[in-house]
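So, here's a batch of structures to check.
There are two complexes below, and they share chain A, which is joined by chain B in the first and by chain C in the second.
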Partner chain A sequence: MIQKKICMVGPVSVGKTSLVARYVHSLFSDKYLSTVGVKIDKKQLRLDDTDLILMLWDLAGDDDFQRLNLTYLRGAAGYLLVADGSRSSSLDQAVEIQARIATALGPIPFLLALNKADLAAEWEIPESRIDALKSREWMVRRTSAKEGWGVNEIFQNLARRILGRSNSGAEHPSSFHE
Partner chain B sequence: MNEAITAAVVRGLGLAIFQRDNRGRLRLACQAPGWFRALWPQAAAPRAILPPGISPFLENFLVDAAAAWKTPGSASIHSGLWIEHDPAGEEHHLQAAAFRTDGRAILLIESPKRGYEERTLLVQKAHELALAYEKLQRAEQALACEKRLLEQRVRERTATLSQTNAALKREIAIRRRFAERLQGIHELDKAILAAQSPEAIAQVALRRLRHLLPYRQATLVELDAERHHATVLASIQGRRISGGGGWPLSHAQLRQCRALQSGRLQQIRNQPNLYTPPASRIAERRRIWPLIVDVPLIAGETLVGILNLATDAPVCFTAEHQEIAQEVAAQLAVTLREARLFAEVATGREQLRALSSRLVDVQEAERRFLAHELHDEIGQVLTGLKLTLEMVRKPGTRSRDIILTEAVGMVDDLMQRVRQLSLDLRPQMLDDLGLMPALDWLFSRFQKQAGLRVHFQHTPLKGRLPPQLETAVFRIVQEALTNVVRHADVSEATVRLWRDNHDRTLGVQVHDSGAGFDVDQVLNARASSGLAGMRERAVLLGGQFILDSIPKTGTRLTVLLPLAAAAPKIPIRRRKTT
Partner chain C sequence: MSPSPSPDPTVSTPRAAPAQTSGEFEALSELLLGREKQELKRLREQVEAYEVGAEEVSRVLPQAVTLASSRGAPLATALTPAVESALKESVRRDPRPLVNAVFPIIGPAIRKAIAEAFGRLLQSLNQTLDHSMSARALKWRMEALRTGRSFAEVVLARTLVYRVEQVLLIHAHAGLLLLQVRAPDVPSEDPAMVSGMLTAIQDFARDSFHVPAGESLNTLQVGELTVWVETSPLLTLAAVIRGQAPEAFRASLQAALENIHREQAFALETFTGDAAPFELARPHLESCLQSRFSVSHPKPTSTRLLLGLGLAILLLMTWAFFAMREKRRWAGYLERLRAEPGIVLTETGRRAGKFFVTGLRDPLSADPGQFLSEFQIDSNRLVSRWEAYQALAPPLVLKRARQLLQPPAGVETRIQDGILYAEGAAPAAWIEEARRRAAWVPGIQEFDGAGLVDASLTTEAARQQAIEKTVIFFDDGVHLVPGQEKILETLAARLIELQAATARAGQRRGVSVIGHTDKIGPDDYNQRLSRQRADCVVDLLQARGVTVGWLAPAGVGDTEPWLTNTPVPDQSRNRRVTFRVLANDSRPPSPPP
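Up next, the complex of A and B:
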């Protein structure tokens, strides 16, 4: 059984904990509870022919009160960079966090999840911005922890990337809604 | 502090303390607290070794701890909070610290439940505040954006309203000007309708026009297209109004009239004014006007006059002024024509009254003449004849033959006098032989009686003319030659008689090179019932009466009579050879 450490990183209130809860426990709560410290969950899955255990490190959101402790990413096979699609500022922060991680730890597989895709009316990330990130070889996915859209896919895609297997290319964002 | 107190403090704080042994293992150095026993009962025994892999988080921290322990004098390091679940599913919040003390490497793990809750609450509130602040900032940005958009829309709307307002003001100004213009034209209309004569109309119109049009000098010219004659009804310059005066139109004026016949006003720049009367001062006639506007006065399809406006400034006559001028001109044309017709009717009535009076006078004169002729001439001869014939019955007088011879002579004289009287009243040959023999006889009479030599020029008449036409021509020639004898002070005159090529008109003209006279003065004075009679005869037959006369130059009287409505021609009777 292969075990891989995956960290959930990103600004506060973007839905990192909700994504893990939806993925591991198939649960979702509208009530916002800040994550303090680190919570580790385990998810076992079979990816193609490989049994895999994902150790999901849900890290507190990075802000002025709680700076991301980069030592938590030590030994991580990859990380899920999460931003809130209804707050464009969260994407700016996520990009900045990714730069810090890359500087400190070098290239680690990651995937950008633009969460809260269910809030279509409040969506602030223009397609051009997503295209610009994709042009930097970023994998970008829209997700909704509330609706479950794209949740399994992002973890599986990241796992495939970690395992060095071919990932599906850029998915059409709307595919999560269908 | 003794060991008992230290142990009590450690227990009280719920700490799990591990000391690293010389083999690098972490051995429990105190009694395991309850939370530790719940989480990792396998490592809770006294002096138990912390098994590797017991906690992924702790294992990660121990990497940093090992580095810290290797560095003498290094400060303690802290793991930060993390969460572990015991087999019963209860959540434990932990944090670890690593440090060296007295050469011993120590790992300290605690479960700061109260501290965790407080921190969670604090972080929760801080995040909520931060999110609310961010939301507020976004709302503020949105509001600022909305404000900018609103301000932009207000600016645009204000600009639109300003433009609309300006357009409305312009529209109001235009309508006000239009109303003033209508009012002005209405007042002018009222004024000219109240005026009686063409001259009064012209004066009133030019005075009123001053409020409607910019001009330095305005002149209202009445045109007689047939006579090629212009008359100034009124002219205004400043406050001075003048009028009167007529003159034959020059070639330039005729050209201008033809251009105006189109109905469009003409603008002439930097030229003398064509309609300055010839009698004006030379300087006035030669004055160069920056702009002259000639507005045609057209009644029906006839150019009856010109409203002549001269301005000092070349650009002051706008399109609106042109409209006003043309409206006024249209009204003036109709009013002037009506006034002229009224005046003509009045003149006609006056002439008719004069003619009636003259007819009575002539009748009385004829009767007096006849009475005189019958009493003084015929009566005397008849008395003499009676006395002569009575002598035949008286014995002892002259022989009968002599008496009868005297009586026959007296009868011959009587017949001659009657014939003369008859010819004076109306030559019988006009009815019997026609116009040409009658005219020949008339001319010879004028030669014999008045010493006037008449040169007669005519085209062939090809037959008799209707009697009323022959009478009219004979009487007109007779009256005209009488006038020549009375007033022209000449011994020669020319009479021309012709038919036009289409046999539509019969023309007769009497011309002399004598004293001449001022036609307007004589006609307006209505002193000449002879002229009026001639004109009446022409008008009654639907003809035209044209009189040209220049003092000290001569007079030319022309009458054109239509042949179309005349009675069938009577073949001319050739004059008997005398």
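Up next, the complex of A and C:
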């Protein structure tokens, strides 16, 4: 049984907690996020004959009032960088957060989830921008916590990458409906 | 190598030109000093080479040390003696630089140690004070005396009830659970998530309060549960404790953590999420699953309740016993008073813790106070009020009668059906007085003195009888049988007493002195002889003080023989003189002329 610590990071209101809630049954209340700044959940899964436990550290959203506590990222095997696809500014913030993490912790695997893909009409992220990120070896996935689109996949893909069985972000298996 | 010619001393150039002088000198100096020159050159080269080498070594040394360190222990082993010597030398020369360097490490360590020791002391003191006055404390003090431990130690050992419910071994960085052990029947939330959250909270506390590096949250308290956390650079050991563990348990946690850290150093450094290797640390964690339950933990409230109840019952029973006893004694006392003649109870009872009794009492009756001791009643607790009266109870009537009549010794009195009976010898005057005064006594209707005799009369009768039993014996003539002097003396004394008593009583009495003979001889002779014998005795008595006129001698011959049927030889008994006291008012016969 392999355990991996995975952090959920991103600006406020991009749906990090909703993605976790879609993925696991929570033990702790969401109020931990506003008090301690982190909420921890667990997901047990079997990935390519490997039993895996993902410890999901849902970190409070990063904004002008509450800076991301990088201490919580200590020992993380990887992280999910979440942005709101209907707010392009959230992607800018996510990119900035990623830079901070990379500076503090070095290169650790991560995956960018562009959430709220169900809001197709309000989608603000152009394909060109996604391609640009992919060209920097980023793994980018579109998700909808509301509809459940791509939720399992982002965790599994990140886990694969952490285990070193993953591939580059160039591959883009379309696993949800748009 | 030097290219100079061979310094062979056998080679010489004595015939060289002056132009060749310097060359010759060279050759000569070469010849004389060649060996030293070469040595000098070699040494110079060595010195130069050494300087170049040190320069080069100083450039590569850091890298070389780093490289050597990564390859394992040999370098450390090689350097250890040198480092140790250097430290010693440094301290010997001036300890201050080293002290200054080490201070930032030592300071927090000392502070932590002092804080923990102080915590233990406080805990010990609190519990000591808590238990110093209880009943159990006495038992524990005895135990402390017996075992030679301090009282505080015994108290700690006996009172700290705690149970370590679970122990979590956590990777300090990632917050990942490495191993969990749990006491039986202890419910647990997902330990992996708890581990994560615990680590997050540790981080949170550290970040929020800006504590110095190395410090961390080491106690969480939630109700009865306490989480004790011990940390090392890579590990966190968290013990969930129900109750209050002794501070010494923290030392156990620290020891376990150190052991695990040492034994699992490799697994920790190479940890990538696989907790399996840490299974080896299970014994260390299990050793932390300590629990201590108070031996036969007493239930003080119920015991005290029982004790109190028992005491109350005991007190109640004691009170009841004494109350019953007192009641019984009081009833006995009253019963005794009621039975006593001359005492009539009108009211009895208890008032304000004292007994009271009122009634009528004949002054001649027994003192009611004299019975108190018989019934063990404190006289100070008795209030009594008596009205005097005269009781008609026979014993009191008798008592009153005796008080009034003052019967002389020898007179018995009794009372029956209102009649006072008196018996015995008493002076005639008293008898008469008693007969008169008895009727004055209330309760006596009649006086019966039939059993009384005149004491003076009875004495006279006895005297009379004694006189009349006296016999004086004679031979066949008018001579007394020898040996009767004593009889004569006694007779004379009695006669004198009789005469005096008779005179006192105003009576007129006398005594006949009667002479007797046996049947031998003629009657007239005997008649005469008997009279002679009577006269003889009168003379003898007269000689002894008896008034002669009071005695009346007479001779009756053999007409009143004492023994009639005796044979002749025994007629001596009839040769005698006898006496007879004459009745009152009877004059003695006139003496014959």
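One rule holds in what follows: the second predicted complex is superposed on the first by the 156 of 178 C-alpha atoms of A that agree within 3 Å, B and C clash if a C-alpha of one lies under 4 Å from a C-alpha of the other, contacts with A are read in each partner's own complex, and residues count from 1 in each chain.
The definition used in the following text is that a residue touches a chain if its C-beta (ideal position, glycine included) is under 8 Å from a C-beta of that chain, and two chains touch if they have at least 3 such contacts.
The shown structure was predicted, so the numbers you read here are calculated from the model rather than taken from an experiment.
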item	value
Fit-or-clash call for chain B and chain C when the two complexes are aligned on chain A	clash
First, second, both or neither for A:69, with chain B first and chain C second	both
First (chain B), second (chain C), both or neither touched by A:123	neither
Partner chain(s) touched by A:55 [first = chain B, second = chain C, both, neither]	both
First (chain B), second (chain C), both or neither touched by A:37	both
Partner chain in contact with A:77 - chain B first, chain C second, else both or neither	second
First, second, both or neither for A:87, with chain B first and chain C second	first
Which of chain B and chain C A:4 touches, first, second, both or neither	second
Chain B versus chain C as contact partner of A:12, first or second or both or neither	first
Residue range of chain C overlapping chain B upon superposition on chain A, of 202-210, 256-264, 418-426 or 544-552	202-210
Residues on chain A lying within both footprints (that of chain B and that of chain C)	5, 32, 36-38, 40, 55, 57, 69, 71-72, 74-75
Residue ranges of chain A touching chain B (in the complex, touch as defined)	5, 12-13, 32-34, 36-40, 55, 57, 60-61, 63-66, 69, 71-72, 74-75, 87, 89
Sites on chain A touched by chain C in the complex	1-5, 27-28, 32, 36-38, 40-42, 53, 55, 57, 69, 71-72, 74-77
Sites on chain C touched by chain A in the complex	171-177, 189-190, 192-193, 196-197, 200-201, 203-204, 206-207, 272-276
Residue ranges of chain B touching chain A (in the complex, touch as defined)	56-57, 60-61, 63-64, 80-83, 93, 95, 116, 119-120, 123-124, 126-128, 130-131, 134, 138
